[in-house]
Structures are given as C-alpha cells and as structure tokens.
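After this come two complexes, each holding subunit A, first together with subunit B and then together with subunit C.
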Partner chain A sequence: MTVHNLYLFDRNGVCLHYSEWHRKKQAGISKEEEFKLMYGMLFSIRSFVSKMSPLDMKDGFLAFQTSRYKLHYYETPTGIKVVMNTDLGVGPIRDVLHHIYSALYVELVVKNPLCPLGQTVQSELFRSRLDSYIRSLPFFSARAG
Partner chain B sequence: MSRQANRGTESKKMSSELFTLTYGALVTQLCKDYENDEDVNKQLDKMGYNIGVRLIEDFLARSNVGKCHDFRETADVIAKVAFKMYLGITPSITNWSPAGDEFSLILENNPLVDFVELPDNHSSLIYSNLLCGVLRGALEMVQMAVEAKFVQDILKGDGVTEIRMRFIRRIEDNLPVGEE
Partner chain C sequence: MAIFSVYVVNKAGGLIYHLDSYAPRAEAEKTFSYPLDLLLKLHDERVLVAFGQRDGIRVGHAVLAINGKDVNGKYTADGKEVLEYLGNPANYPVSVRFGRPRLTSNEKLMLASMFHSLFAIGSQLSPEQGSSGIEMLETDTFKLHCFQTLTGIKFVVLADPRQAGIDSLLRKIYEIYSDFALKNPFYSLEMPIRCELFEQNLKLALEVAEKAGTFGPGS
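Let's turn to the complex of A and B:
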C-alpha cells in the first residue's frame, strides 16, 4: 500500500503544493500543464457529480479509482482542494486529507503572515512536515507497492 | 501529530486585557498616523479584511462546519460558532429584512472596547471597524460578497452595539483562464 503523490490547490486553481513519493510514470506534459489539467478535471467532475446525482448531495465528489490507482479528493468551503493518489488498497481517507488541510496548511501557511496566499507555498517547514506526515501514515510503505 | 491532538477549546489562553490593550494601541497609532477618522476607519476595515481571509481557514479547520446553504444558516454560524470561538461572545440575530438578505448582530458587550471611551474629537471614528473587515474578508473566501457596518455603538452612547450585515451577491467559482 502506498501514496503516489499529492496536490494542493486553492480556489483559483493555483497549485499551492505538489509532492510525489512513488510515481513510476509521468504524465508526459509539463508540470504546469499537469496542474491545469488536474484542476480542470476536478472542477468538471465536481459539477458533473452534483448535476447527475439522483439524491441530494452531501459531501460531493470523494474519489475515483482505476485498475491501478485511486484518487482521493477533499475540498473546503474556501475552495482549498487536497488531492491524493494512492494505490487501490487504501479506503476512505477524508480524515487524513482534512488533517493535511487543518494541521499543516492552516497551521503552517495560513497562520504565518510571512507566507503569501494565492501562490506556491515556499515554506520548507510545510514541505518537510507534510513529508513526515505522509511517511507516517499506516498505508504508506517505503517500498513502492 | 500529537502536537495538534490537544488543540481545541482548551488551547493556549491569552489574557483578554492584553488583547483589548493591543487593539487599543493599534487604533491609537492609526489615529496618530492618519489624523482623520475616515481614513482610520478605512484602514481598520482593510486590516480586518486581511485578517478575515486567513481567519476563515482557521475557523473551518477547527469548527468542522460545512458549506452553508443560505444566508440564514450563515448568520447562525457567524453568531453562534464564530463569535463564540474567537471573541467568547454570542451576539443575537435580529431584524431580518423581508427578502432575507439583511440581518443585524446585536452585541451586548464587545471585548474590543473594554475600558474604552471615545474622546470628543473622534466622534466619527468607528472604533471596532476591524470586525466589519474581518466579516467581509472571511465571507468573501466562502463565496459571499457582503457589507458589514456598525449601526449602533455603545461607545457612542447607544444601548447596544449593532452590526448590520447585508448580502450583496454570490461570488461564483471561475475556472482559471487558460493560455490557449
């Protein structure tokens, strides 16, 4: 079981952070294009999911999976989006994504007046704490699954 | 992340006097810097806005409140959760407009103005205007354009402090503009 990579977007589609741990295949496009593609896709899926829902929506779009990986999604009312790709053995991790938002992004970036919002996070503290947190997750194994 | 496990209502306490005095020092300095009350009011609103856009994230992280479905729900969350969390008071919500797009928050007491008396030469100063900026900034981040203003103020001799909140419009998500 493992975590492949993680994206963090803000409400305007700016990619605030990207980290990867186990990614064997790249997308074949520049990182900038990849972020735009990811954000655009998420935006469309969200509105598709709520439009086509046969019942009242509660949490909205949560995850999708393919035969090789699963993409988990968490969004706050302020439009901050946490996207994590893991392998298929990982169940719902809403609490993990919420923790990344509340204990890492809010604590280390939002509450730091020297960290400007609306652009890629430069904080080394944020990057290293996020890395340690991901590595400490029970479904993360150092050996690529 | 045990560092965060105990974060919550019993988190670090700070003296409220320190908070009130700090705010007072801030307003006094602004009065010296700007010389006229209107400019001070604008600066307080601007500073409040900058606080609000960040405070909303902390609020969402700690309170687990989801998206509000209408302005009434928003009013409830502001008065019962947000004000309680940050200022320790629970204003009451009154005077809803017939269209449901305006309401008033009535504050019996305002921690920002403990020990404060407005001098005569600052009669148009809106001392707590920072709060209006905070409300405006925070709500803008959750897609609501609102106007917040003080309509009654105990500092000016009124019986209560009243903030009037008016919903202007919903701010829609925009897809970022592509380059192609």
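Let's turn to the complex of A and C:
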C-alpha cells in the first residue's frame, strides 16, 4: 500500500505542485507535457462523466483504477484539483485530499502574502509539511510495493 | 434495476453496440405563470436551463415536454420554437417538464470515442510498469467498468456504485459476443452489431447479474 505521486492544479491548468514518492515508470515525455496531459485527461473525464451520468451529480468524478494503480481526484468549487496516484489497496481518501487542500494549501500558500497564486508553489514549508503529512498516512509504506 | 447501460467499442474507438437497460430519470413537471423565472438557453439543438435552480429543476436540465406533449429538440410538438412559445405571455399558464437530457446516438458515439482515448491516456500516465487502461471509473452516481479483450474490443458497463459482480458480467458479455456476433456468418468484424440473438442473450445476462449482484436498497 503506497502513494506514488501527487499533483495539484489550479483552475487554469497550471500545475501548482508535483511530488513523487514511489514512481517506477516515467511517462516518457517531459514534465511540462505530462502535467498538460494529466490536466487534459481530468478535464475530459469530468465532462465525460457529467454527460454519461444517469442522475444529477453532486460530487462528480471521484477516482479511477487500472490494473496497477488508482487515481484519486478531488476538486474544490474554485477549481483547485488535488490528484493522487496510489496503488490498488487504497480505499476512498476524499477526506485526505480535502485535508491537503484545506490544512496545507489554504493555510500555507493562500494565506501567505508572499506566495503568488496562479504559479508553481515555491514555499519550502508547504513542500516539507506535505511530505511529512503523506508519509504519516496509514496507507503509505516507506518500502515501495 | 442497477445496471444502466452497456457499450461495446471496437479497436478503432468506434461504438459498435449500445444498450440502455435502465434509465432513472429525475424529472420535474411544474406549472408556470408569466414571466418564467428560469433563464433558458438554446444549446446543441436543445433548450436547457441556464439559471434558476428550484424544486428539482437544476441547471443543465432540458425542456422535455410542454403541456404534456414531448418537445422535438428546440421545437414543440406543433412545430413552433420553444423559446418563442415560452416568451409569449398569451400561452401561459403552461406546464413544462424538465429533466436530464437523454443522450442522442451521435453523442453516444462521441462519448465512446472519448472514453477510448481516455483509456489509453490512463495507461500512458501510469506511475507503475505494465498498467492496463482505465478498468473502473467511479463517481458518486455510477461506476463505469471496462474490460478490454486481447483483440482490442472494449466492453463498457455503467452500473450503480453498489452493484457487485460486474467483472463476471463483463466476461459473460464477451462470451455472448463471441457466440452470437462473431460466429454469425453475416456479421463483419468491427462493424455495428445488429444480431438479435446477441441482444436477447445480453438482456438475459443483465437480468441475471442484477438479481445476483446488488446489495443495496432499491434493487
């Protein structure tokens, strides 16, 4: 049970933050391209899901899984998207992603007058707090696999 | 009744079969007097609610019927334009039914191709080696399950999130496809499936899966 990586996007598709813990395969394209592809895929999935849904949706798209990993998604009404790739053993972690947004991003970045919004987060405090929070999660194991 | 629909996508991404087995439609019918306190707009040949959520009518709902008669796209059953009709105070009071718009065949084709691409991107962005494409997509109102065969055909099932046993249903649909579509000498590969036996057996398999699978209320 482990966390592979984490992306944070804003409403314009700018990748605010990316960190990885256990990633065995790179995408084969540059990081910039990968962020754009990830954002584009999520945007398309959201639109796909809103058309396909037989009933009116409240939370929308939550997660998808493949044979090797699971992608969890959380979006705020302001368009901030928290995306986490974990392995298959992990259940619903919407509250974890919400905590990353409210207790880490909002507290350390939005409320920081020296952190410009709309670009990649440079704050070292945010990076280290996020890292220690992820490492403290019950489904994170330091040994990959 | 918890399996909503089944789609079969060929290896080029084209939709070759679709079945809507159950469509729970949240619809609201209300009588209005002039002026209408909802903002309507024309979008994609349909009249949608742009603003003014109330009483079960949400943004994005389409006008389905006026005074009990189903509308035809943006025209009423009599051939008048819906927006004009609802803008004329002489036609009030009027009873209008709103609800989620049903997908047209064209839209289903587009969505199937979109899913085909998303499936491939899911595999490309994988942080682990040897990942397949998207096998299960979860939302709060439905779960989408996908099984890709070795020949590239994808069987996609949309079901209630609590419905169990979809994996075996997908394998069963593959069996039915190979028995009643592939073994049919008049069926050409990758073309739309128009085999009656395929449809009959598929409906039977869905019934069996629904009875066996769901563990929630409202089955």
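Note that in this section the second predicted complex is superposed on the first by the 145 of 145 C-alpha atoms of A that agree within 3 Å, B and C clash if a C-alpha of one lies under 4 Å from a C-alpha of the other, contacts with A are read in each partner's own complex, and residues count from 1 in each chain.
In this text, a contact is a pair of C-beta atoms (placed from the backbone, for glycine too) under 8 Å apart; a residue touches a chain by one contact, two chains touch by 3 or more.
This one's a predicted model, so the numbers in the text were calculated from it and none came from an experiment.
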Clash-or-fit label for the pair subunit B, subunit C on subunit A: fit
In the superposed arrangement, which partner chain does A:Leu137 touch: subunit B (first), subunit C (second), both, or neither? neither
Using the touch definition from the top, say if A:Lys24 reaches subunit B (first), subunit C (second), both or neither. second
Quick check for you: in the superposed arrangement, does A:Tyr101 touch first (subunit B), second (subunit C), both or neither? first
Given the overlay on chain A, how many degrees, to the nearest 10, lie between subunit B and subunit C at the CA centre of subunit A? 90
For A:Leu125, select first, second, both or neither according to whether it touches subunit B, subunit C, the two together, or no partner. neither
Please indicate which partner A:Tyr69 is in contact with in the superposed arrangement: first for subunit B, second for subunit C, both, or neither. second
Could you say whether A:Tyr39 touches subunit B, subunit C, both of them, or neither, answering first, second, both or neither? first
Looking at subunit A, does subunit B or subunit C touch a larger number of its residues? C
With the two structures placed on a shared chain A, what shortest C-alpha distance in Å links subunit B and subunit C? 6
So the subunit A residues that subunit B and subunit C both touch are none
Quick check: in the complex, which residue numbers of subunit B touch subunit A? 1, 4, 53-54, 56-58, 60-62, 65-68, 141-143, 173-176, 178
For subunit A, which residues count as touching subunit B in their complex? 11-14, 36, 39-40, 43, 76-80, 99, 101-103, 105-107, 110-111, 117, 133
Per the contact definition, I'd like the list of subunit C residues that touch subunit A in the complex. 4, 23-26, 58, 60, 100, 103, 107, 111, 114-115, 117-118, 121-142, 144, 158
Subunit A to subunit C touching residues, read off their complex: 4-5, 20, 22-25, 27-28, 34, 37-38, 41, 44-45, 48-69, 71, 85, 87
